[in-house]
Structures are given as C-alpha cells and as structure tokens.
Amino acid sequence: MSVIVDRETRLCTSGITGREGTFHSLNNRAYGTAVVSGVTPGKGGQDVEGIPVFDTFREAVAQSDANTAMIFVPPPFAADSILEAADAGITTIIAITEGIPAHDELRVYTQLKRTPAVRLIGPNCPGVLSPGKANVGIIPAAFFREGNVGVVSRSGTLTYQVGNELAQRGFGNSSIVGIGGDPVPGSSFVDIIALFEADPETELIVMSGEIGGSGEEEAAEYIDQHVSKPVIAYIAGFTAPPGKTMGHAGAIVSGTHGTAAAKAAALEAHGVRVGRTPTEVADIAAEILAG
Amino acid sequence: MSVIVDRETRLCTSGITGREGTFHSLNNRAYGTAVVSGVTPGKGGQDVEGIPVFDTFREAVAQSDANTAMIFVPPPFAADSILEAADAGITTIIAITEGIPAHDELRVYTQLKRTPAVRLIGPNCPGVLSPGKANVGIIPAAFFREGNVGVVSRSGTLTYQVGNELAQRGFGNSSIVGIGGDPVPGSSFVDIIALFEADPETELIVMSGEIGGSGEEEAAEYIDQHVSKPVIAYIAGFTAPPGKTMGHAGAIVSGTHGTAAAKAAALEAHGVRVGRTPTEVADIAAEILAG
Amino acid sequence: MDLLEYQGKQLLARHGIPVPKGRVAANSEAAVAAANEIGYPCAIKAQVQIGGRGKLGGIKIAANEAQAREQASAILGMDIRGLTVHELWIEGASSIASEYYASIVLDRAAKAPLVLLSTRGGMDIEQVAEETPEAIASLHVDPLLGFQAFHGRRLAYEAGVDGDVVRAVGAFLGALYATFVKEEAMLVEVNPLVITPEREVVALDAKVTLDDNALYRHPDNAELRDLSAEDPQERMAKERHLTFVKLDGDIGILGNGAGLVMSTLDVVAQHGGAPANFLDAGGGAKAEAITAAVEVILSNPKVKAVLFNIFGGITRCDEVARGLIEAFDQIKPQVPFVVRLDGTNGVEGRALLEEAKLPNVHAAATMDEAAAAVVELAK
Amino acid sequence: MDLLEYQGKQLLARHGIPVPKGRVAANSEAAVAAANEIGYPCAIKAQVQIGGRGKLGGIKIAANEAQAREQASAILGMDIRGLTVHELWIEGASSIASEYYASIVLDRAAKAPLVLLSTRGGMDIEQVAEETPEAIASLHVDPLLGFQAFHGRRLAYEAGVDGDVVRAVGAFLGALYATFVKEEAMLVEVNPLVITPEREVVALDAKVTLDDNALYRHPDNAELRDLSAEDPQERMAKERHLTFVKLDGDIGILGNGAGLVMSTLDVVAQHGGAPANFLDAGGGAKAEAITAAVEVILSNPKVKAVLFNIFGGITRCDEVARGLIEAFDQIKPQVPFVVRLDGTNGVEGRALLEEAKLPNVHAAATMDEAAAAVVELAK
C-alpha cells in the first residue's frame, strides 16, 4: 500500500506542453506512472510523445479517464487550473507551481473544502512518490525504494536529504509526500499523517517541518490523540530571524509565532521525538525500526 | 407532531422593535410561541413588552437560547440578518421580509447550503403555523386548528383561503408552511413535502403553487418517487400573461416556462390530483380523508 | 425591469464590453443627425422591449442620408406587436465574420446563474436548442465562487468557438458575468454576439432584465424605466404603490395577496369572465389603499363590473369595507361591484357594508359565488 | 513586502478609508515646506518598517516652523533599531477622543482572514491580548462569502465600541477588508484607529504587508518597494533572481531548496558557526546561477568561509560543480570553501571538482561533516 498515488493513479498534467511540464510528465511516465493525458488550452489534439493533449480538463477526463492532476502552469493560471481540475471530476490534484498568490490559494482552499472528495497536495510542492508504484511530481525517484517509512515534508530537497539518510541505513518508503512551502497548503501535516496512520504498509512516520504557520503544532496534538504509529519530526529554521521569508512563501516567523523552537517544543510535549539534524532523524528511525 | 415550528421553538425576532416586528412577535407570543428575544442593533438592553432585545444574534442566542429566527427587517438588511442568524447558531430561519434582491437571495441560499443544519423558510413568506403548538410569522391562526393536513404554499392569502375551506369541512392542520413567492426560496416544495412525509401526524399534503420557476414540477417528480401520503395540488395563475410579474417577484411566466398549465400537467402526470379552485382542493381533501 | 436595447448596450459598455457606437433619437431629424455623425451604412433600430423586431420591419440599414430619413420616419410610431416605437437607436453597421449567442440568466431551478454560449447566433435560442442542442454549451456558476477563467474556456471549446477567439470569447463571458452580478440582472442576453473580420468580439444586440427589488442600489438604472412605454393605468397604480397588471378583459379585480388575486382571476375565467386587471392591495391594506385601488380599476373604461375578493389575514375586513365606502363616496362608481369579505373581522366588515347600502354592491359568501355573480353582472 | 506607514495610508485612502492629510519629505527643507502647507500642530514621523518608533524618538509633534525644522533634521538619518530614516511623513495632528485597534491578517491555521478589533488602541496588540483579552473581539471571514455587515456589528459590539460609532466602525472594517482582499495583503493593521471628537473614524497609522507573489497583479504596489531601505547585498541578490536573506554571521551559505538551506544554517549553528546569509540557488540551478550566487555571497566582506550544500534532485551536481569552477575562474575567492555535493550526478560533480583542483576548496561527504569543517575554517 501507499498513500495518494499508486498503480491506480491515472495522471493528467496541466501545462504538459511547457518545458517543465513535458520533462517531468515524461519522467513520471518513465518511472511507471500512468500518464494518460495533458491539458493545454489551444493545443487540444496534439500529443507529447504519445500522451494526448486536450484543451480542457473536462475533455481530458472524459477521453482519458484521468483521476489525478499535476499542475505545472505558471502562477497566474494555477489557481484556475486547480479549480478546473476539481470541476472536471479529478479527485487528487498535485500542484507543483511555486509562487501562487496567497489570496488565490485561500479561494481555492475554501472552494475545495466544499467538495470533500477532492484532495489538493501543494501548491509549491515536489509532489508525491510511492516507490515502486507511481511518481507524480519532481521528486528524484532514484534515491528512494519501497519500504515502510512514510515521509511528509514542507520542503523538497530536505525530503531528499532525509530520505537519503534513511536509505543509507537501509530503509525504504511507503510514500513521500511534499505538502509544500506555501502559507495555505491544500493538505496539512494532519491530513497526510492520518493517511499514513491508516496505511498498513507504513510503520513509521517522518514529518519534516519548518518555521511559519502552525501546521506542526496542530500535527503534534493530532498525533497525540489519533496516531498509534511512531512519528519522528524534524524542524528547519532554528536560526531564521523573525520577519524574513526564508525561501518558501510560508517560511516566516511573524513576531513570536511560528518559530522552530516552539514547534519542536510542541511536538516533544505531545510525545513526538524530534531529531535536531536530518542525520539524527535517520538515527532515531533506525533505532525505532530496529527495536 | 408537526414540522419546522413546535413547542421546542424558541423564537428571536430580527427587527423586533419595528412596527410590524413588534406586532407579530407579540401576536406569536399570544398564540403560545416561546418568543425569547429580539435583535435590533443599537437597541440592545431594551425590551418589547418583556421580550429582551439584543444588538446581535450571537448575544441573543447566548442569552436567550433562541433556536429559531424570524426576519422582519427591511429588504436592504434582510440578507445580512439571515446570515447573521445562521452564523450565530440559529437552525431555523423564517424570513417574512418581502422585496429582498434576488442576487442577495442567491448568495444567502448558496452560503446556507454550506451549513446544512440551517433551514431557511422564505423570504417573502407568511411563516409557519403548527396549530396548537407554535406560530411564527403572520399567518392568522384563528382560521386553523390542529389536524392531519399539511399545507405548503407559495402564497399567504391563498393559503388562508385553502385552509379556511378545509376548516369549513372539518379538517385541521399539522402545519401550514409558507415557502414564499420569491425567485430563490430558501426551502422548496420538495423540502417541505419531505418533512410532511416523515411527520407521523400528517396524513394528507396540500401544496399550493403558482406560475414561475419549476418548484412544482420538481415536487411532482419527487412525490412520484418518494411520497407515500396522498398529495393534492392547486396552481394559481392560469390566466397570467407571459412576461408580467404577478405580485410575487417569483410569479412570472418567462417565455413558455413556468405556466400554470404546464405545472398542473406535470403534477397530474406524476399522479398528483390537482384541484382547479381552492374549493375543489378542499372537496378532494374531504373525499380522500373520508375514504 | 426590461431595458431597451440601447440601455442594455450602455450598461454592458460600462463594464468594458465592446458595443457598436450609436446614438438615441426620438424623431427623424435627430435620427438623421445621428446617422450623419455615425456615418453610412448605419443601422436604424426600433427601441421596443420585444424580440423579432427585425423580421417585423423594426431594423433597417441606411446607406445614405435620404434612406436614413425615410427609414427613421417609417419606424418611428410603428406598432410592433402592440408596442409603439417612441425611440430609435442609430449605430454603425458592423462587419460580421461569425454570429454567436451568449446569455446569463438566474436559473431558479439550480438556484445559480446559468451561462449559455452558442455558435448559432442571430436566431431564437429556443429554436437552436430544439434543432441543434449540441451547438449550445452551458454551465452553472457558483454564486460565491463566481465566474472563473476555466468556465470561459470550457464554454468556448464546448460550443465550438473558432480557436483564435476562444480567449476573447471567454473574457467576454467573464465581463458579461460581472455585469450580471454587479448590475443585479435577472437576464443578460447578447444575440448576436459578433466576431468581426478583425476578430473582435462585439455585442450587436443586448437584452437585459434587471431585478426590480435591487433597483434601490442602482439609482442610475432605476431612472432608466421607460415611463413612456408603460400603460398610463399601470403608471397610475405604481404612483399609488399598488401591485397592478393590466389585462384584456372587462371585469375589474381587487384582492389581497398575490396568490389569492391570481386565483381570483382564474376562478373568474373559469366562470366565463375576462379579468381587466390584476390588483393586489397587499397585506394589511388600509382604507386609503382600497380607495386608491378602486380609482385605478375604474380608470379603465372597459371595466363593466368589479370583483372585490378579500380574505383577511393581516388585512382587516372592516378596514376594507371602510375603504370601499369611502371610495363610493368619492368616486361614485357607475358599474356593479361584487364584494366577498372573509377572514379577520369579516363579520364587522360585512355589517358595515350592509349598513352603508352602497348602490349596486352585491355581497357574496364565497370566492366561487362571487366570481359567478360578477361574470353575470358584466354580461 | 512591508509598506512604510505613508504607503500603507495611501493604499487605504484608495479604498475610501479616512487618513490624515499628509506629505512625504526626504530632507528638512521639504519637511518644513510640507509642515507649512499642512499647518501646525503637525506630526513628523520617521518612515521605517518597524513598530515602536514613537518611543524611540521617531515621531514628534511640531507646533511651528522652527520646531518642524529642528525635528525633521533630528529624525532624518536617525537609526531606529538598525534602520536608517530616509523619509519623513508630515501630517496634521489629529484630535483624539478614543484610540481603537483594527487589523486583518491571513490566519494560516484557520486558512481564512482573521479580523481583530480592540478598544485598547495605541499599544501593542500582543500586550493587550495578554493583559485584557476581553478587550479584543475577533472573527474569521469566509473568503468566498466575504465580509458582511453583521461581522462589523458583531466585532464592534463585542469589543465594546462606543454605541454612536458602531455603524461607522463596522463600515471601516468593511473597507479595511476590501483593501485586504483587493490589494492582496497578508496584513493590514491600523493602530491606533482614532475616533475624533467629531466622531469620525480615522486611520492614524497603517501597517501593511503585501503578498509578494501577487505583486504582478498590482504594478502600482510593486513599484512601492523601497529600494533605499534594502540592504545592497539583498538588492544584488534580487537582481540576480536569487532567494537571499542577509544574516549576522561570517559563514557564507549556499544550498538548493529552501528547506535544505534552512537546515544547513541550523546545522552550522549547532557546530558553533554563525551563518552570514540564507541563499537558495533554487531547484534545477544552472551553472550561471551558481556563479552569480558566489558573487553575492562574497560581496559581504564579513564572510570568512563558504559552505556549499547541494543535494541534487532536479539540480544536477555536475552543473553546480561547473558553476563553482566558473565562479572561481572569474572571482578568484580569497576565503576557503567547503563543498558537499550529493544526489543527482553527484559522482560526476565530485569528479569535476576534484579534477579542477580549486584552491582552498574542501570536499565533504555529508552535510554534518561539511558544517563541522566550515565552522573550523572560519575560526
């Protein structure tokens, strides 16, 4: 098993004819993901190395039976594309696009809450990889193999770092989920941790958080009350000064809110072990899985 | 039993300090309805013959445990008052106000759909009377007594006319529900008929429709599929010319849509008996309840 | 409230929707001046709130001043399905590559705006729906979310719009939706929506119905009401704040509550009578309102008899009786009245009337009886 | 993007929110001219993006021209918590009956705008929240429904606003919400929100943070960026499209991906080092980006050593190595580098570096090892 993407995934890429969209769609297909279609308005009828392109998501869903969308269009068009995918009946939307305005994300989030069947991952995320099954997004699959550690992270490269350290100790992953670094992510730590808790393949959950927002604190409470599997956390940004956006639009300490120290403290207060470095996270994982 | 209002109703009137609001609130109280509070911004702390007045619905709900709102404020403020009541936790909102802009009603309807626990009756309706239990609105209770006929109607006076004819033949009512004459009513014929179907006291349902919209046609289909109790219908407006608003904002034949003839035909096609006059409706009711 | 074509176009133009340049004219001289200013060829269009003007001779193309004069004179004062032409709209004749259709209506069944787009413009949309339903694309817009760019693309692709104007047509629909919402319309219809040879998207006609209940928020629109086109009796009723609709028959009708009045019309018709009007004196009608209503009803010389059908809820029958007595005192009607008073204070009301012994006023116990009696009296 | 007070006020004013009249001045002469035009008494306010200016001497009231000149000179060039005052805002001194507080922030936990209103204005809201939480009213607004009139009433009554200004304060909050949404702000804060003796509601201060990601839709706002207040190194990084934040230490940091860079800073700090910057070369960084990044890092004279921490996903390590070699060729750095290259094409990248034999460049196998090494080298 795995979460969010697997062998049932039928992917349609929005913005498939763009440079990045083409590259990663083909990459995902090469991994084994069923990339069944793409959407680029005005390019309906064309194909990208055999992947049919449609003008609208409705047509793509009707013709290719897609159930998952990957959003690669530029920020000004991304919110619209997400809403279009949901309107067309897509139930899993993975938005890679970085730089979507926060008010667009607010509207999208609020609208999607009205259609609970739709799950949005991202935006500004590396996607989801379920090793051996499907890869949707830009996660370099070569570093990961099948296993029982579920990883959820706000950051892409940090995920690779953590995943790599786990791999070096011999652990594989059920799924790697990037929830993205924006202020209003479509899915939260809690959402994904709940999926891992329910996933029989996952035996250990690693969450990689960072400064800004309160998703880590909410996860801490949720884990305490609802999660039976061991969870290890990492938090980045202990040295970040307040008021500065650290790369991710969502990674900012506002006044005294959202500090790494507070997040680590909240997690530990709720019984979650927090590794101080990616290496320490991998060490704790090894300890738990060995025990 | 009865529907929508009963001895559990705890009423808060929005616009209680207005002439109409005061008159009908006291009238409802005199009937036996628990009128527990009123709302008029700026008049919090006053009372209307012992009924406490609050500035906001939140305060009214907190202080008086109201569960039902009656909206009597003028059209420019009515949509806001409905949303305020819902936001404050009121679950039954009965809007008497006539003349609310249709786009306001659209927004209110769409918003309330997101909180399914809230039921809106009206706007532009006479309210709901459950004889012997509670009266919320402007229905003259003197003409109705307890019984087993459920009445749902788009029109006030026509309801009284039909109810009176039933009363003259010895029938009483479980509840009389005015759903109002506006283009976007909060509750439809289908909504209320479903309540009557589930209400053990109701043995016969009388629905009084009129030109405009498609609520009667939808009810016809619904009755066919879901309603076991006998239903009698009346439709007003056979002589209405197209394109003219007949008093109610919602009573208008647009092109060939919404004619009385089409509605009567749809109901009859689905096995609903249609009386050609209020008198005939009462005659059919007598026939059914006697048999 | 239905707008005239030019009023609708001006409304659309305020929201950035391209419409042909034009001017209004109420007489031939003004029409010719407008045509000269706009240049030839130009279209001279009767401004009446009715479809199918073109086929009935209400739209002409003038190639020069002489034609403009001739056509303007011919159209002004024309009767188009019962409506007299008081105004013309003169606009530059447009070059047309394609004719589409676009509309937004408040769909009461879905309780949401319904947007329609068709590539078969210039003809009646109901006919298109019947003949080639696949040529019409439609969708509902969530009123809280509003019109999204993808809605425009979806409609344009589904309707089969030319590929090079998909974006422009989508933007047009977005602007049309904004107009619909901001002006609080019940209907905005553009037929035809024209694609010019230069690939511009232009609204060549406009049919707009505004929500009367929202006019208080749109004072500019409220002033658009074309009083000249209204029936003088309807205008009189409006001034008296009565809900009134003129009909073709000879039996004046007054009742309280829209449903009851509609029902009264129906019952009168079932008895073989022809109602002269719909008049709802409203809930809680007071004596003065009744007096005013009688005045309005009797201002129609066709009325041969009047039916009062009151079932008092908030309305008190004694008030109605007093209003009627007052009206008789002031107006001294020459036609017979049938009066049915029931409901709140019915006993008192009926007693007052009996006491007053008004000439040619007949009491009736039920609505049915009252209808039968008034039909007999109007014969 | 944080606006200066006067930029924020001008933004609010565009949405109909009353603010005191004022003018900007960048030197004493202009300040005096502005003060003379506005009249006395007037307030002379340092324009720096930081709270608590008043207590630090950044706001003065001038009663006459001499005072205005003296105060303007004193405040211009002042250092307020590390920020130099380049601009003044001169505005008419307001009469104050009450000082309230109002703000709207994008609440990330609730994923909705959070509106706060307090009757204890003029002080830090976190302090009010601690001392008298009951003096703060708050609610979340549904982004699709938007701010409703009842929200304003609820906040005003719950905060205990004076009864006669409930409606005006509600309207103010409505306008503030419209500003927040239309300008795509992350924060709009008015503290104090002043009620004048004439019972008018005026924004006496304004703190506005705009969403950088939305600036492309607001070209006017995008131009507000106060370059003079930005660090020259940050400006240099921005011109090179690098995500850069200046820090206080002496170890230059470069990595790919925001999370990994933040983590790198932390690990360096854990080893006792002090990072000089945050620099994310981005996903898929190409050689030129690396060269530009090295330039930016080394433009800070405090930097004593540099750590390259790359875990290649989309980024290819051989590209990074090439960029670094190119940078060394062009810039000839004088400080030691520690380079950790892992992930995509790591083998190729490490081989390239080894071959190039760059002076004073040390390879490290892990992030931890790299951090330890660079801290040692910077000592």
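Just so it is clear, A, B, C and D label the chains in written order, and each chain counts residues from 1 on its own.
In this section, a contact is a pair of C-beta atoms (placed from the backbone, for glycine too) under 8 Å apart; a residue touches a chain by one contact, two chains touch by 3 or more.
Keep in mind that what you see is a predicted model, and the values were worked out from it rather than measured.
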item: Starting at chain B, fewest touch steps before arriving at chain D; value: 1
item: Of A-C and B-C, pair with higher C-beta contact tally; value: B-C
item: Chain centre separation in whole Å, for chain C relative to chain B (CA means); value: 27
item: Cα-centroid distance, chain A relative to chain C, in whole angstrom; value: 55
item: Between chain A and chain B, centroid-to-centroid distance (C-alpha), Å; value: 49
item: Multi-chain contact residues (two or more partners), chain C; value: 142, 144-145
item: Residues of chain A whose C-beta touches two or more other chains; value: 107, 111
item: Graph class of chain-chain contacts, one of line, ring, star, complete, other; value: other
item: Pairwise chain contacts, counting only pairs that touch as defined; value: A-C, A-D, B-C, B-D, C-D
item: Touch list for chain D against partner chain B, complex; value: 142, 145, 148-150, 153-154, 157-158, 163, 166-167
item: Residues of chain C that touch chain B when the two form their complex; value: 106, 108-109, 111-113, 126, 142-144, 181, 184, 186, 211-214, 216-217, 243, 245, 247, 255-263, 265-270, 275, 278, 280, 283, 311-315, 342-344, 366-368
item: Interface residues, chain C side, partner chain D - complex; value: 144-145
item: Residues of chain B touching chain D in the complex; value: 41-42, 44, 55-59, 77, 80-81, 83-84, 87, 107, 111
item: Complex interface listing, chain B residues touching chain C; value: 75-76, 99-104, 106-107, 109-111, 126, 138-140, 142-143, 153-161, 164, 181, 183-184, 208, 210-215, 218, 234, 236-241, 244-251, 255-256, 260, 276-279
